[in-house]
Amino acid sequence: MLTNTKDIEQVMKVVGTSPVRPDGVPKVTGQAQYGADYSLPGMLWAKVLRSPHAHARILSVDTSKAAALPGVKGIILGSDFPDHPFDYVGPERVAQNYWHMTRNIMAREKALFEGHAIAAVAATTLAIAAEAVSLIEVKYEVLQHCIDVEDAMKPDAPLLFEDMITRGVEPAPSKPSNISKRLEFSVGDIAAGFASADEVVEMSFKTAAVHQGYIEPHSCLARYGADGQCELWSASQGHFVVRAYTAKLVGMEIGNLLVHPAEIGGGFGGKTVVYVEPMAVLLSRKTGHPVKIMMSREDVFKSTGPTSGSSMTVKIGVKKDGTIVAAEGLFKFQAGAFPGSPVMNATMCAFAPYIIPNVKSVGFDVVSNRPKSAAYRAPGSPISAFAVESVLDILAKKIGMDPLKLRLKNAVKAGSPTAWGPKHSHDGYAETIQALLDHPQYNKPLGKNQGRGVASGFWFNGGGESTASVHINEDGTVVIATGSMDVGGSRASMALMAAETLGVPYESVRSTVADTASIGYNHVTGGSRVTYATGIAVVEACNKVIEDLRLRASLMWDTDIKNVVWSDGYAKPVDKSVGNFEPLSLKAIAGKRAVTGGPIGYEASTNAGGQAPGFSTQFVDVEVDPETGAVKILQFVAAQDVGRAIHRDYCAGQIVGGVVQGIGWALNEEYIYDSKGRLSNAGFLDYRIPVASDLPMIEAVLVEVPNPSHPFGVKGVGEANIVPPMAAIANAIENAIGRRMTELPMSPPRVLAAIDAG
Amino acid sequence: MSKHHVTTVINGDPVEFLCQPNVSLLDVLRDELNMTGTKEGCGTGDCGACSVTLDGRLVCSCLVLGVEAQGKSIQTIEGMANGETLHVLQRKFLEHAALQCGICTPGFLIAARSLLERNNNPTEEEVRFWLAGNLCRCTGYNNIITAVLEAAREMRGA
Amino acid sequence: MQADIAATPVKAVKVTFTAGFSRRYTDSIREFEVQAKNIRGVIRAMNELFPGLGETLEEETSIAIDGVIHEVDYTQPVKPGSEVFFIPRIEGG
Amino acid sequence: MMEMRFETPKTAEAASALIAATPGLSKIFSGGTDLMVHMRSGNIKPDLVLDIKSIAEMNVIAVENGGYRVGAAVNCMQLLENTAFATTWPGVIDGANLVGSIQVRGRATLGGNLCNASPGADTVPAMIAAGAIASIVGPNGRRDVPVEQIPAGPGKTSLAKGELIVSFFLPKRAPHSGDAYLRFTPRTEMDIAVVGVGLSLTLDDKGVCTHARVSLGAVADRALLVPEAAAALIGTTVDAAALAKLAAAASAAARPIDDKRGTKEFRIKVAGVLARRAAEKALSRAKGKN
C-alpha cells in the first residue's frame, strides 16, 4: 500500500523535533474560532427543554404558549425528525442503530434519563428562547427508574425498552430485560488452567461513570437554505461523521450538507457523536434563519456521554514462578439509556497485555436511566484494567515477586496469543516495563504513609479511512490539507511528516483541516488513528507530488524521469552521465509550473491497516493522610511505546494529559445520583477534575519501537496512557496503608472508611 | 427588559454598549461586542476560561454583570499581544507546548499575567495555586506551569 | 469444509472467526479454508458458503492478516497459507 | 418578560429603603459569585438587584478602638492584601484564602459569604471564632449582632426584610493570641468545605489558655459555635490531652448529613481531626511562630 516507505531506522531531519503548532498563535491571541464563536446575520438562538425525570412516559407536549411568545421563530420535538427502522446498520465504520440514535437526540415515547431533550426552541434572543422553554407544558407519567448496573440487571428491574431481548445468548431469552448484549472471548480450558495454579485471587470491583470533561460545551451553528443546501459549523472530532449522522437523522442527502470544522475545545471521545447538530439543522430548516445552539455545562454533564460505570469480577491464577496460567473476567457495563457501552473493548483489552493460555472474558451491555455512554479515551480498557491490574498486584505480593517483573515475565510480544483470536503482531510492551525497571526513581525508598504502585495498559489503536492533499505553491511553499479534526496537534505532525517526505523545512509547509466539501472522507479523530492513518495519506500524497516533480525536472533537463532523483528537497541528476545540472528546488520547479503541466498537487486516500497497539506502563508514589483518607500524588512516571514520536512534545503532552485524567478518575470523579435518579453534581464544582495545585510534574517516558507499517514507524499515542493510572494508584494506596481499594473513585470518605474498617 | 447604557474601557479603548441588567459581562463581551476570545466553559465561575481583569483585578467574567463595567477598565485576551508582538507569556505557551485544544488558554494567559504582575518570581507551588481556578483537561498542567515559570524568568531578565 | 481442501491445488487461506461470531453466523464452525488472493476473494468465498455473510463481515468486522490488524478492504492482499481472522471492529475515543 | 431593576445606592440607609419599598424579591449584589449562578440557572429571579459596592462604609478596612472594622463588601483579595489585618487575624485570612479561586476571591465578600448562608462557607467559622460582630442597617436603624446569630439554615439568615450587613467589627487582640481556619476538601482548591473548623485562642504569660472560641462549618445546617470544644482548651497548655478532648468535643457537636460532598461518619471524624490541627496551628501562632 505504501510506496517508497522510509527506512524506519534512518535519521530524520524534522520528524521528532518539537516546532510550534500552526494553530498556536490564533489560540494564544483569542482569534481561534471554536464551536460557539461563530455567528451569522439574522441568527437565532436555540434553547432545549430537557426532562426533569430519570424515566417517564411523555403523555403530551403543549408548545402553544411558547409559540405565541414574541420573538419565537420555531419549535421542534422528537417527532419532527424522520423515524428509523430498528436495526444496526452503516454507513459509518461501526454499525449504528438510528432508531436509538434519533431517540437519544430527542425523546419520543419516553424520557429515558434526566436531561433527555424533549423540545427545542429557536428565538431572536437567548433570553426569549429560555423563557419560551419555560412556557412549554409537558405531561409526564413518571416511571420507576434504575441507575446502577446491578439494579438494572435484576429480573424485576423497571424496563427502559419493553421489548429488548438480550443479544448473544443462545437460546434467546423469552423475557425482555435491560441487558442489551452478552459477549464472550475464550481460549483454552479455564478450569484446568486454575487447577494448575499455585496462587489464585478472585475479587470484585466497581467503577463510577466519569465524563470526558472537555472544557468546551457542545456548540454549533447551522444555516439551512430554501434550496435545501445546509452549512454547519460544529466543534467535533470528525466533521465527516457529523455530516453523515446529521444528514441521516434530519433526512437529507449528504451532498446537501457542508460541515465546517470549528476548532474543538477538547473531546477525548465525547465529540465523536452528535447531540445539538441535528436540532440546529432542523430548526434552521423550519425557521429559514441560521440557528446557534450552545449547551450549558449542566447540559453537558446531564445529556452527553460519560463513559460507563461498571461492576466487575476478575480471577487470575499464577504459578510460584509468576507464570500466569488462567484468567477469568466478568464485566457488567452501564451503557446508559441506549445500548452501546464499550464493554466489548473492555473484555478484549482486559487480559491483552499478557500471555495466558486459558482465558474466559465475559461482558454485559446494560441499559439504565443515565445519559448514553460515549467513547472516552481507550473506551472500556481503563475500566477492566483497574480490576485486572489490581489482582495482578495482589498475586505479585503473594508470590513475593516485583510487580513489574511479574508483568515482564508474562508480557506479550509479536506472535503471542490473544483471547480474541489472532496473534499479537508487535512488540513494545516489555520495553515499557523495562523503561520503568531502569528508572532511577523506581527503587527509591519511601516515607511513612507513602506507597508506590505500578500498572500497565493496552489499547488497540486505530487505522481506517483518511484523505490528504498536498499542493506546491508558485513560490515553492507547500499547502497540505486533511479532513482530520486537530484535537492534539495533528496539523503540526502532518506538516512534520510532509516536510520530512518532501525534504523541505517545516516552516515552508502550511497545514490545514479542510471542510467536508474540500477534501475526501476522513473518519473521526479518535482511536489514536490520525497520526497513523492520516499521516499515511499525507506521505502518500507527498510521494505522488515527488514523482510529478521528478517528471517536471526531467522535462526541464530534456531527459527521462528515471534519470532524476529527489533528495533533500531538490531534483538532482541520478549521476553525471545525465548532464551537469544544478539541483532544482521546489521553488525552481514551481516557477515553471504552467509550462510543465500546470498546478502541482495531489490527493491521496487510504483505508489504513497495519496499525500497532499501544502499551503503557506507569508507576506512581502516593501519600495517604491516615486521619482524613486524602491521597496526595507525589510522583508519577508514565512510559509508553509511541512507535516513533513525530512531534516529541505533543507525544509527551498526550501521555501527561491522559495520566492526569486517570488521576481524576481514580481519586474524585464520579456521577452522583439522588434517589429520584437526578444527577446531583452536574458542574465543575462538584464533578472534581484535577486542578493544577493537586498535581506534581508528571514524567512521560517515550519508548520508541517503530511500527514498520507506517512510513515513519508511528503508533497511536492518545489513549493507552489513561489505562493504568486507576490501578497504579490503588496499588500504591495498598502499599501505603495496607488497604485494598476496590471501588472508584478512591475518594477520601472511602479511603478513610477502609482505614477505619481495619 | 429595559437596557442600561454602559460606558467602559476595554483593552484601553473606550467602548459603549447597551445591556439588560441581568446579563453577564461574558455574554456582553461575546455576544454584544463579538469579542469571542474570552471563552465560556461553565458559566458558574468554576473553570476560569472566561477570566478577564476588571480594574486590574482577576475575575471570571461570567460572574460579573455587564452593567458593572460602567466606568471601569477591562482587559481581555484580545488586548494581550502588542500588534505583531506576542506577550512573553503567549510566546512561552507556544514554545513549551502549553496548549493542546486551546479553549482554556486565553483564561490561563490572563490569570498568569495577573500573577506575574504581582509576583515576578513565583515558585512552582505558587503558580499551581494561583492557576487552580483555571481548568485544563488536555495538558495535565505540566507545560502550562513550565511556560509561566519560564515567562517569569525572562521578565526578570534572569 | 474438508472437501474443499482436497480439491485445493495451491495452499489455501485459513479463515477464522471468534466463537461468538461463528455461533451467530457460521453454524458454530470457527475455521475455514478458502482460495483467495485478496480480502475480496475471502469475502466472496465466505458469502458463497453463507449467503449474506459478506455484508455482515464488511459492516461489523476488522481483520487480522497473520496478526496484523486491517480494516476490511477488498484490495488487501493475502498470501497462500496466511491466516485471516475476522474480529469485532474496535472504535476508540 | 421578567423586569429586573438594578440599582447602585450610595448609602446603606438608601439601600435599606429601596428594599423595604420594593415588593417581591430583592437581592443584595456585591461579589455576585453566588447570585450570578442562581440567576443564570433561574433558581432566583429577583425583582430588584442592589449593587452595594459603591456604599463607602461597606468597603473600608480600618482600625477601630484597637480592633478592626471590615466592610461587608470588602472582597477576599482586598482582605488578603491588607498585611496589617492579615498578621492580626491570620485565621480569618486562612478562610478568605480558601474561598473559590483567585478569580472568585477577587469578587466574593465577607458579607456575601455570610448572608448566602451556605453551611460550608469558609470565612464564617473563622469570623465566629474571632468573635466578629455584624453591624446591620435596617428600616429600624442600626443594630449589632454576633456573626454566629446571622445564619439560620441553608440559604436563610436572621435578617429582617430591608436589613443588610454593613460591616463587621473584630475586637482588639490580646497578647499571645492566635487563630486558624482549616477545612477538608477532596481537591486542594476549587472546592466546598466538607468540614471546616475555625479556632481562636489566647494564652497567658505561662502559656495557659485563658480564652478560646471554636466554630465548625459544614457539619450542620449552619456554622456552629461550639463552647464545649473551647472549654476543652481553656485552663490547659493545649497539650495532647486537651487536644484529644477538643477533638472529641468537636466530633460530638457535629450533626452532619450524607451528601455528594461527604458522608456523615466522615464529617464527624474529620471535624475532630481538623479541630486538633487548627488548635495546633493557632497555638503556634499565639506563641509567635507562624
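We call the chains A, B, C and D, going by the order they appear; numbering starts again at 1 in every chain.
By our rule, contacts are C-beta pairs under 8 Å (C-beta built on N, C-alpha and C of every residue); 3 or more make two chains touch, one makes a residue touch a chain.
What you see is a predicted model; the values in this text were computed from it and never measured.
Peer 1: Starting at subunit B, what is the smallest number of hops through touching chains needed to reach subunit D?
Peer 2: 1
Peer 1: Identify the chain pair with more contacting C-beta pairs: A-B or A-D.
Peer 2: The comparison resolves to A-B.
Peer 1: Just the number, please: Cα centre separation of subunit B and subunit C in whole Å.
Peer 2: About 57 Å separates the centre of subunit B from that of subunit C.
Peer 1: Report, in whole Å, the distance between the mean C-alpha point of subunit C and the mean C-alpha point of subunit D.
Peer 2: 71
Peer 1: Could you put a whole-Å number on the gap between the CA centroids of subunit A and subunit B?
Peer 2: 29
Peer 1: State, to the nearest whole Å, the distance from the C-alpha centre of subunit A to the C-alpha centre of subunit D.
Peer 2: About 44 Å, centre to centre.
Peer 1: Find every residue in subunit A that makes contact with two or more other chains and list them.
Peer 2: In subunit A, 127, 212, 268, 684-685, 690-691, 693 touch at least two other chains.
Peer 1: Mark out which residues of subunit D touch at least two other chains, giving numbers and ranges.
Peer 2: Each of 1-2, 188-190 in subunit D touches at least two other chains.
Peer 1: Give me the residue numbers in subunit C that touch at least two other chains, ranges are fine.
Peer 2: none
Peer 1: Which chains touch which?
Peer 2: Touching chain pairs, listed by label, come out as A-B, A-C, A-D, B-D.
Peer 1: Can you list the subunit B residues touching subunit D in their complex?
Peer 2: That would be residues 1-2, 4, 20-22, 24, 43-46, 48, 51, 54, 57-60, 62-65, 67-68, 111, 114-115, 129-130, 132-134 of subunit B.
Peer 1: List the residues on subunit D that touch subunit B in their complex, please.
Peer 2: Spelled out, the residues of subunit D in touch with subunit B are 1-6, 29, 31-33, 36-37, 39-40, 49, 51, 77, 100-104, 106-107, 188-190.
Peer 1: Across the complex, what residues on subunit D touch subunit A?
Peer 2: That would be residues 1-2, 41-42, 184, 186-192, 194, 259-263, 265-266, 269-270, 273 of subunit D.
Peer 1: Would you mind writing out the residues of subunit A in touch with subunit D in their complex?
Peer 2: 127-128, 130-131, 134, 298, 627-630, 667-668, 672, 680-681, 684-686, 688, 690-691, 693-694, 747-749, 752-753, 756
Peer 1: In the complex, go through subunit A and note every residue touching subunit C.
Peer 2: 89-90, 93-95, 168, 170, 183-186, 212, 268-270, 272, 344-345, 348, 375-379, 414-415, 420-425, 459-465, 526-529, 607-611, 709, 716, 718-719
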